[in-house]
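The data blocks that follow each hold one structure.
Look at the two complexes coming up: chain A is in both, with chain B in one and chain C in the other.
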Partner chain A sequence: MAEIFTPQVVNLIVRGGLMIFVLLTTFAYLTYTERRILSFFQWRLGPNRVGPQGLLQPLADGVKTALKQEMVPRKADKVLYFLAPTLTLSASFTTFALIPVGEQVALSSVPVAILFFLGLSSMAAYGLILAGWSSQSKYPFLGSLRTCAQVISYELALGLCLLVPIMITGSLNINDFGMMYRSENWNWAYLVVLAPAAILFLISSLAETGRTPFDLPECEAEIVAGYHTEYSSMKYAMFPMGEYIAMVAMSAMVVHMLLGGYHMNLGFVDLTYWAGTWTAGPPEAWGWGAYGDAISLTGKGFSTTMTFIVKLFLLIFTFMWIRATFPRLRYDQLMRFGWKWLLPATLVLIFATAILTAIIGPVQAPAVDSAAQAAMEVTLNARH
Partner chain B sequence: MTRSSDRRVEIRRDPLLTEKLVYSVGPQHPSLPSPLELRVQADGELIERITPEVGFMHRGVEQLVTQRNYAQAAGLLSRCEWLAGSNADWLVADAIERIEGITIPARAQWLRTLVLELSRIGNHLFWFGNLGLEAGAYTPIFISLREREMLLDLLEMLSGHRHHHGWIVPGGVRTAPPEDFSGHVRAFCLWFQGRLDEYEDFFSDNAIWINRSELIGTLEPEFAFEHGATGPVLRGSGIAHDLRRDQPYAMYGELDLHVPTGEYGDVLDRYRVRFVEMRESLRIIEHCLAYIDNGELRNAEVNPDFAQMAVSRGEVYTAVESPRGELGLTLVSDGTNRPNRMHLRAPSLYHLFLLDELCRGYLLADLFVIYGSLDIMIGEVDK
Partner chain C sequence: MDGQLLAWWVLAIVGSLSAVMMVLSRNPVHSVLYLVANFLTLVGIYFLLSAPMMAVVQFVVYAGAIMILFLFVVMFFMSPEARRWLRPEIKSQWVFGTLLTVMMLTVVYISLFTSGRVNQGELEMGRPTIAMAGAAENPREELGHPAGLGVRMFSYHALPFEIAGLLLLAALLGAVLVARDERSEGRQHLAHEFEKAEEAVAEEVQA
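Then we have the complex of A and B:
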């Protein structure tokens, strides 16, 4: 037994569990935040009755959703019907295994993380398509047809936008995107391509996650609730859950691409470790020995994570702002926009990036703070 | 004869052989504020035919009024037209005045004009918010209802009721406006001018909205005219027909009215016409304010008890330019205090049956934007 639960494994399990817990809480409070922010845009108060300032509203909603009667259409394809929400949700969750949220705070450091990321976001789309398909009803069917076309067309632009930082850093590791801003041979001229790439990425991610103004898959004006019309109770809740977490994941990607990841380097002043190093971790103090080491956030984990969360929220706020402002596009306009405008624009960007990289030379992203990295590796390897 | 809508379907049809689907939209649907069923026959997302099924809200108002006195009848009729209930009050009062030959004091006439225009703005505000929802924008409904709330407060100050005012009675109006009513109305007008500009900024000029409404749901002027379209729907198609100008009633004859018209008869034109109308209404209201302070409120010869009022034998048709179009009332009276027969000409009924023509050849996503642009009220359709 002891051999299975090495500190390395415990580290992963604890961090994974923590990540899922944090994501679920994030989802719950994002629904609350979105409702509150939308209502401030709309001259009303929003949920403020359950608990102080309505802070317990997500809890009440969760209990209510869980207690709702579960209804399954008689003609539904049972296997796919049950599989669909699970697929969407688990794909969105898994995305976060790849995205570093702070220095040393990541579940994995996969060299081909971007490919994995794109693969997972396509997987999530399968969930939406299958949900509409297996419900055997007309509105979900239309919703899933739309999702199908929409997600496939915008995925192209999404992937091509990611090609810009890949070309600059020469790496498929998400961590390197944020780190390139701290590189010795970083050149601010790269922002000429990085900024538009990040904005185009943001636009395509709106479509990919089905948010306003591209919320056609579930547009309630025409097709009731789109692909999840026939879902109820927790199975229904899993769709918004997946959608919100996908939104967070997409915002996290933009933070890494454009906003300098979990560092706060403003050019003239580097605020990265503004919270200090007091969170260096309790090595032996808790008396957990090696396990204590393994589960603590080593090094600058805390301050960088906080930095990351602040940046992340700025982007999520943008998503909500867009939702409060724009009407919805029509289906054919959405396709036209994707294919005739977004895709050519990203192609031009890639061309520009190629020229720029040829002139300035690629950026070698520095490794994560080497001392902390070394300490962690020593800790983990020694106990293994 | 092939209609242009049929040609539109032929041109836009997918050459692939696909199975046709019939979607039953409603009577319970998130986009339909009142119960109505639309049978939509579509080829993929292309609409080929729409059959509206009405009657889910039928209350038999036209029959019920024959068993009630005129005051109650006016109340019931205003419940067919709840967003601008004063129009129904005006119709009943005017029909009785025509039969009996009652004259109305000038002050009362100006006050009636004021109330009708306030109701018009209230209705158009609700329409705007609703259209925003149909187009997928969530914010317009909240901010437009904020302004409408202030407007309802004004009407409440005047009549004591927010929706069904019952304030316009035969011979004049029921009560005098409270002190400093004009001041409040002026303050509202000033505030609302600014808000209208704000709406135009963030919604009318929004590229997504213009793309969704331009050349969508086009209604040709001949077709509109032949099928009984009136009000903003007809004016959106380019026919400058407005009862306030063409058959002046109340004090509209004294006013210099500008009748806005559209060019293509599409959703955007109907939208713009209503926006210009709101600005026009503001102008009319400010004009009315100068005349509402002095004079008689009600013709003293008329029976002050509306409920006991008997109307001589007669038959009359009278119409008002309601926010949705020509709202007409046929009254047959038999000398008692109960109407013998009443029929409401509801503009929404005519507009609802234009929907088939308007939607053919457009996509399912356009259906509710077009529906919203017609401003249909089911209370009027079903009665």
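Then we have the complex of A and C:
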């Protein structure tokens, strides 16, 4: 078995574990942030009792949820009932294996990452659908039927929006989206199609993750709590967890599509590597060798990751802002909007992109990135 | 035993088991899920064969989109209360099923071995090597690469591709025609007529 756990594999496992830890913490504090932000929007204070400014609230919530009584409906399909929340959560986590958060700060560099991303978002939908079905009860069942129809309708627009940056960069690798925003490749004309594409992507991702204007799967006025009505305790908590992490993933995709990814290019000056020389990995003297790569954000990695995180949180704030602003749609409105407005709009956009790339020409990104990738692999191998 | 081989064995065993369970399961929702599991193992196997494009298309199109539609339809016709488990409708169905499976597998094996893509010796060692025939020097010309696939699709296979598209369009129109509810359309027409009549009456009253 020793050959299986090579330093590269251990490195990946450590990095993956770190990513999951960061995501879980992000989830906990996103619930707090969302509650606070929503209350400020609504002219109230929100949770501010537990710890300074209520900062320990997520901890208290976590303990409370974990200690709650677990109820399982007697007629439930037990296996699927337990599988459903796990499926949603693990699919949401897996998306982050594909999304680079900084230059060479990524768990993988899959050449077809975007398609994989789309596939994973429908895997998460399986969880929601099965949760409703396996509860063997009316309201969850209605909720899961709604989820099904909604996900099928909005997934199309979601995928088609992603086609715009794909056509510009000529690559299915999310890393290459960043190449589009390097000063030497950037052309302001791209914004004409990229901005609407990102906005349409944002709208359809709201529907895909079941967030507010489109949160019909859990519409409490009509179907109690939808698919998770019969869930309690930690099994319930896994659904909002999956939802929030999917939201972070979708925001990350928008950052890569429109906001320049982890690059900070202002058109005239490229600040991407502003703090590039600040940091290095753990000192050689610690003797971590190749394992040190797992936690180090060396050189460019640090500044690009920080840039990315700032942009990411701007977008997450937008998601919360939308939740505070818009009321929920009616179901027929949701369907009409998705099929009769969103989908044709994305098709028009793709046509426009085709014309634009024919005039300007696509970015020659992949060669640059694969060179960087090869360089990274060489350094990794050299250290072993 | 290296990691790839281990992964292949796990995928192969899980894939076969889920395929068998898909057929044997009496609950249609479970059948759908076993099929999804089977598709997911196929995704892994495509990756092991270094065909990422095939893997991802399998993942997005089959395991994702199509199976969600399957699940939707199955759930629509099977409410959670009324557990209508499926029962074989034809007597000794499994005999015919087995026969068909054996026949199909024979055809697949014969075509595989006569095409020379499978190395007999390596197969006996349990090593999953299907030589990717026509793997070009340039990855962009390879069929496993999205760009290569696109070029092939719109040059060598342009006509079949368009014909398949036309066929799908015809199927789509057929589905629309079947799903169209003429009675409700008639009602809408009637309602429209009523509205017109009411307006006319209102105008007359005003006059």
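The criterion applied here is as follows: the second predicted complex is superposed on the first by the 356 of 384 C-alpha atoms of A that agree within 3 Å, B and C clash if a C-alpha of one lies under 4 Å from a C-alpha of the other, contacts with A are read in each partner's own complex, and residues count from 1 in each chain.
The working rule: a residue touches a chain if its C-beta (ideal position, glycine included) is under 8 Å from a C-beta of that chain, and two chains touch if they have at least 3 such contacts.
Predicted model, so just to flag it, every value in this text is computed and none were measured.
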After superposition on the shared chain, which partner residues are touched by A:324: those of chain B (first), chain C (second), both, or neither? first
After the superposition on A, what does A:151 contact: first (chain B), second (chain C), both or neither? second
Identify the partner contact of A:41: answer first if only chain B is touched, second if only chain C is, both if each is, neither if none is. first
If you stack the two complexes on chain A, which partner ends up touching A:142: first (chain B), second (chain C), both, or neither? first
Could you say whether A:258 touches chain B, chain C, both of them, or neither, answering first, second, both or neither? neither
Between chain B and chain C, whom does A:200 touch in the aligned arrangement: first, second, both, or neither? neither
Between chain B (first) and chain C (second), which does A:212 come into contact with in this model arrangement: first, second, both, or neither? first
With both complexes superposed on chain A, which partner does A:224 reach: first (chain B), second (chain C), both or neither? first
After the superposition on A, what does A:245 contact: first (chain B), second (chain C), both or neither? neither
Mind sorting out which residues of chain A both chain B and chain C touch, each in its own complex? 138
As the complex stands, chain A meets chain B at residues 38, 41-44, 138-139, 142, 212-213, 215-216, 219-225, 323-333
In the complex, chain A touches chain C at residues 3-4, 9, 75, 77, 80, 110-112, 115-116, 118-119, 122-123, 125-126, 129-130, 133, 135-138, 141, 144-145, 148-149, 151-152, 155, 170, 172
Touching chain A in the complex, chain C uses residues 2-3, 6, 29-30, 33, 36, 52-53, 55-57, 59-60, 63-65, 68-69, 71-72, 75-76, 79-81, 145-147
Chain B - residues contacting chain A, complex: 21, 23, 29-31, 45, 132-139, 142-143, 146, 202-203, 206, 208-209, 211-212, 363-368
